[in-house]
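One structure follows; several queries about it will come next.
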Amino acid sequence: MSKAYAAKTPEDLPPVGLILSMSGLDYMKAVRDGEIAGPPIAGLMNIGVHEVAEGRVTFRGTPEFFHCNPMKVVHGGWYGTLLDSALGCAVMTTVPKGSVYTTLEYKVNITRPIPLGTEVEAVATIQHSGRSTGVANGEIRGVADGKLYATGSTTCIIMKAG
Amino acid sequence: MSKAYAAKTPEDLPPVGLILSMSGLDYMKAVRDGEIAGPPIAGLMNIGVHEVAEGRVTFRGTPEFFHCNPMKVVHGGWYGTLLDSALGCAVMTTVPKGSVYTTLEYKVNITRPIPLGTEVEAVATIQHSGRSTGVANGEIRGVADGKLYATGSTTCIIMKAG
Amino acid sequence: MSKAYAAKTPEDLPPVGLILSMSGLDYMKAVRDGEIAGPPIAGLMNIGVHEVAEGRVTFRGTPEFFHCNPMKVVHGGWYGTLLDSALGCAVMTTVPKGSVYTTLEYKVNITRPIPLGTEVEAVATIQHSGRSTGVANGEIRGVADGKLYATGSTTCIIMKAG
Amino acid sequence: MSKAYAAKTPEDLPPVGLILSMSGLDYMKAVRDGEIAGPPIAGLMNIGVHEVAEGRVTFRGTPEFFHCNPMKVVHGGWYGTLLDSALGCAVMTTVPKGSVYTTLEYKVNITRPIPLGTEVEAVATIQHSGRSTGVANGEIRGVADGKLYATGSTTCIIMKAG
């Protein structure tokens, strides 16, 4: 069961040195267990980490009015933020202590509009975890009915910190 | 000069029928001129439409703490929301009255982290505007120095409304 | 067991009317069974359809010297041709009689160079099959060892023929 | 005027050591001037480098029957090979002596079918050239009429050789 929560002030976030002292997998588990605050954008977007395993991370979230475009349908940026979060964190679970990753690119395919107020989950799985790059793909599905709303993929670069 | 503002409540948004009664270009100009509210997610993300011409739309925005990931750097979802907004609106300016568009996919390349508090602009240009699809690409650059932060592209489908 | 073969002359290809008179799935099975010629580019690229099921198509192929870039490594275009073939055919298996599909976009992630002469397979799976669009993703892996060489995704538009 | 030609045998290709002893820009100019053979896949696909400048490379080519899919229209893999060639070479012109680049990913948007026998050109421009990555985008247009047939983008990683 996830106890993840989003940082509300800069002071809520852990020092960067603490993050670098942990493996990516340990860090992700600490966020899931509420021992370390998650990113502030998670609060804004009403999303949060749900499950963490090596090479696989699940986020859950529910889009509300504030995540809409003018037609009152969920904005593409909400899908992208949710998928990029899960995809990047899936790569993160394979990053060793003392290294960091950065997203080079991500792509989002939107297959169906998410009705406002519907809880969905993004499941991201690592496909390639090399010395210098990571590739992951993922899907957004309804929690209740498994309906597919979006798919996506990312390329990350992995570097020694400092 | 843009007078765009973001909707804060569902009542702020125009009726869908009003949007459909206008060409996409007229609608975008009305948002730019503050005659119609922009999308609520624009308020959340601190972005807004800046310039509108047929086939070309500019958004401006400034990322703040709430748009960060845990390393205190701007989250990939912020880049994606800004680019997807500009790209979709560039397609919108070519959509005739009575038709609507939906984003099928977008891709974001992040080339450099945006320092918090830096005003940037996303310029999106339509490359292909067909009967049933639109393709656009765009860039995010610093307003003050023109530095490139991200690039992106989108594919949209255009359909008769109703 | 696949009996697919590539067309060598325009006369080898079936009339377009014959293709339109079949469902996409029946057409793909006829190509697999060698009853209808496959695309000429398959001969050029040394690839061919291997397995066909509804929503899932496998291609196999072996890159040779002629598929190389100047560093004597397999050109990105070979990965793209193999993946686009499998992805498009996976969408094709869901297209009803009398309709056609066109590729709007595809993306390829290359994760590792394929050694010349190594047989690989591209497995593509449909993720979304709607009234007007299809989305599929896929992977290229070594036939002998399952090693991952590339991943990819596509968006297709589906239209009534004529 | 380009004098580029495609290698027909492994012996036609320059030794890798020679490529590494040149800057990427000098290498591309030598291929354009016919001093060094271009990639064998260029011969197969009937494409070749046309113009070279720092950060910008043009390829020209003409699709024929052998580049078709079963509907006798140009296969998506031909568009991808042409674009990936131009995009990668645009990145190559920014790679210093002793370094190499590898394509991490590329994306192709196809906007219109190229009629067989139509000469087209792919113009690729570098957008970001960093210490470890390069990002470029490009377009395929008709040589005679400038009609847009496809757009694309790539992410490359740049590494010290050896």
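Labels A, B, C and D are assigned to the chains in the order they are written; within every chain, residues are numbered from 1.
The criterion applied here is as follows: a contact is a pair of C-beta atoms (placed from the backbone, for glycine too) under 8 Å apart; a residue touches a chain by one contact, two chains touch by 3 or more.
On a predicted model such as this, the values are computed, not experimentally measured, just so you know.
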Chains in contact with subunit B and also with subunit C, listed by label, are A, D
For the homomeric pair subunit B and subunit D, should the interface be classed as same or different, according to whether the shared residue numbers exceed half of all numbers used? same
Roughly how far is subunit A from subunit B, centre to centre by C-alpha average, rounded to an integer in Å? 22
Per the centroid of Cα atoms for each chain, what is the distance between subunit A and subunit C, given in Å? 32
I'd like the Å distance between the centres of subunit A and subunit D, where a centre is the mean of that chain's Cα atoms. 35
Which parts of subunit B, given as residue numbers and ranges, touch two or more other chains? 104-105, 107, 109, 133, 155
Using the touch definition from the top, list the residues of subunit B that touch subunit D in their complex. 107, 109, 111-112, 127-128, 130, 133, 135, 137, 139, 148, 151, 153, 155
So, in the complex, the side of subunit C touching subunit B is made of residues 104-105, 107, 132-133, 155, 157, 159
Which residues of subunit B touch subunit A in the complex? 7, 9-10, 13-14, 16, 19, 31, 36-41, 43-45, 65-72, 75-78, 80-82, 84-85, 88, 100, 102-110, 113
